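One chain, chain A, links the two complexes that follow: it is found with chain B in the first and with chain C in the second.
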Partner chain A sequence: MKRILENRLGIWASFKLMGATLNNNPERIAFILHRITGIILVGFIFAHIVSTNSLARNGWESWVAVEVEHLRGINPISIAFFIAIGAAVYHGLNGIRLLLVEALALWIGKPERPKPPYVAPSLKGFQRKAIYAVFVLSIIIWAAIGYVMFFW
Partner chain B sequence: MRAGISALVQYVTAFLLVFLVSWHLALRFPPVYGVEDFPATLMPEVLYKEITGSWFLLSLLLVAVVLHGINGIRTMLLEWNTSRNWTLAVNAASLLAAIVLSAIGIHTIIAVAPP
Partner chain C sequence: MPVDLKAVTRRPPEVVKVRVKRFHPEKGQGWWQTYEIKTYRGMTVLDALLKIKAEVDHTLVFRYSCRMGVCGSCGVVVNGEPRLSCQTQISEKATPERPEVVVEPLYNFPVLRDLTTDFTEFFEKHRKVRPYLIRLDKQERENPALEYEQRPEELEAFYEYTLCISCGLCDAACPVYASNPRFLGPQALAYAYRYLADSRDEGWRLRLEELERDGSVYRCHFAASCSSVCPKVVDPAGAIQRLRRALLAYNLRLFKKRTAKNVEPMKVSAERWPLPPEARLMEGVDLEAQEKGAPVIPKEKLLED
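Right after this comes the complex of A and B.
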């Protein structure tokens, strides 16, 4: 007998897009994106905390030469910042939705007996629109931040 | 850490971070300091005033972001495997990472010299 069952996906289930569109379920896509952006942000923020420490260790001249000048124009560092800020915008907006849905139980409709075609009752309330609003707002705010970073 | 406490930490820090990260990003908007572009908001005179004037908010942001980020990764890693040794190792590594990163961040805030 195999030690691990085939359908026991463990942590990888968090990143499998399979099932993301099943039953027209945008909540699954929102969840996967929340995890991916969370991992991007943890990596970025840890690097950010360590790299900004050069301010205390090496002084302002090094700060301007290494940090500030690399954020001018389009280059790998400024693009990394842009991606991290995009991740933060999505993670934040979706986080606000999650606080309202999970902590305050808003927008999830009323419980009901499951019946075909088994659309999640939690998506029958305002939540489905809220998820789409998070997607659209994230792109708009990210684009606006991109304009400020690269074209201001 | 009990799952309920872990979730509470995530919700409380998430609520704080909505405001603190918005504030942190808004300060990089050029008109806030009347400078010409985004990198100019990171210049020594601007940044030193910001760090010394808003040290409490920056420290709060640091602690909230470290707790939220590490607790999030810790939750994902604990979903991977449920054995006792793995749980202990993940919890210990999370605690260590939180202490080290908070110390580095606090050092940045308190040790910055005037430009």
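Right after this comes the complex of A and C.
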């Protein structure tokens, strides 16, 4: 019989969209996206190693020819590649923001006495604007790459 | 924004469904139970729970004490967001389209019964960061005869973090605390920073060494949910980033801190006498007589509107 109920959310908390139910917390959404894009990138690296390894045995030229063939037009492989590029763009841009915030404690405001409307200084700092900049920039870059890949 | 400041002025829907996640330790099982209650303007989630307990189901168990956001014992999860139930208006969470409030026990804490959670681990972690001033002068620490000298800006540097009421909402919201049981949690780390930043504290070397060994500081990924749910605007997320910067500086041998000296207690200087007129007693007021009965103020001293 269970005398105590374990209520730890576990790894699920990293993906649960608490970000949507918490007020004023796009950082959480950025965090969830960072996790998801990180997982996509790990998968991509494995796939990349496998594909380059098995095909490169026939020589560099033939491998490049095959890859170019794969990436032309809309097909599952080019779409997967496109998603991986998007993940890399977001992960990289958000990573820069996190480096500045986490290693150097930049952009998180100054400690202050609480006053209405009671928002913590780190949520008001420049890093909040940086999050929106990261979102917008990664969508623009991703769309541009998609245009070049599929419609150029 | 931690609290919807306008919510208290709105009327909640007439009848609200309160869905409570319950757990009974002797039955060893959990279940969802729905209650329907009549509301009034200004009703909080804690009021609703108290009303249920008084009128509908007295087996419902929850914890509270001050009912005004001071004690930090009434933390629950309301509609997926960790909140103090005494500070959450029903009208903030229940809308006319969806007159429902879902109340769960705090995430990441073991549930003892219904909405009551076990804070042992939380306070053990709090204790681990040494939440007290460390002075090198043992003699003075045990038998203090002097005062600390502190500048106003040194107070500002850590004042915000002293407001924590140990409600545990930040730990319930933290995704890292949820998946890593060894993580100290936002509350404990905010306290670690509070004492590190305090100019009266001289134990910074010990604190930084311990934090470095523990490694919790590096587990934070700045999801900042702790700061967004904190009812006292303590900003644990900012504190952890500052701790990290302090650790980086310490590892590069660059960490510096000005610590406060012990000084003689302040004395009232003689120039203050006689007191300025606004601090002097009114003429014609008999203090001794007043201490016996209700205060009597001479008619002519009363202010007229």
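By our rule, the second predicted complex is superposed on the first by the 126 of 152 C-alpha atoms of A that agree within 3 Å, B and C clash if a C-alpha of one lies under 4 Å from a C-alpha of the other, contacts with A are read in each partner's own complex, and residues count from 1 in each chain.
Heads up, the rule we're going with is that a residue touches a chain if its C-beta (ideal position, glycine included) is under 8 Å from a C-beta of that chain, and two chains touch if they have at least 3 such contacts.
The model shown is predicted, which means the values in this text are computed figures rather than measured ones.
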Check the residue A:116 against both partner chains and state whether it touches chain B (first), chain C (second), both, or neither. second
- A:25 contacts which: chain B (first), chain C (second), both, neither? second
Tell me the contact category for A:85 with respect to chain B and chain C: first, second, both or neither. first
Message = Between chain B and chain C, whom does A:58 touch in the aligned arrangement: first, second, both, or neither?
response = neither
Which superposed partner A:46 touches (first chain B, second chain C, both, neither) | first
Which partner chains sit in contact with A:103 here, chain B, chain C, both or neither? Use first/second/both/neither.
both
>> In the overlaid three-chain picture, which partner chain does A:69 touch, first (chain B) or second (chain C), both, or neither?
In response: first
Overlap of chain B and chain C contacts on chain A, residues 10-11, 14, 98, 102-103
In the complex, chain C touches chain A at residues 1-5, 23, 25-26, 28-30, 79-81, 105-112, 117-118, 156-161, 163, 173-175, 178-179, 181, 220-225, 227-230, 232-235, 237-238, 241-242, 244-245, 248
In the complex, chain A touches chain B at residues 10-11, 14, 35, 38-39, 41-42, 45-46, 49-50, 52-53, 55-57, 59-60, 63-64, 67-69, 71-72, 85, 88, 92, 95-96, 98-99, 102-103, 145, 148-149, 152
As the complex stands, chain B meets chain A at residues 11, 14-15, 17-18, 21-22, 25, 28-30, 37-39, 42-44, 47, 62, 65-66, 69-70, 72-73, 76-77, 79-81, 101, 104-105, 107-108, 110-113, 115
Listed in rising order, chain A residues that touch chain C in their complex are 1-14, 16, 18-19, 21-25, 27-28, 30-31, 34, 98, 101-105, 108-109, 111-114, 116-123
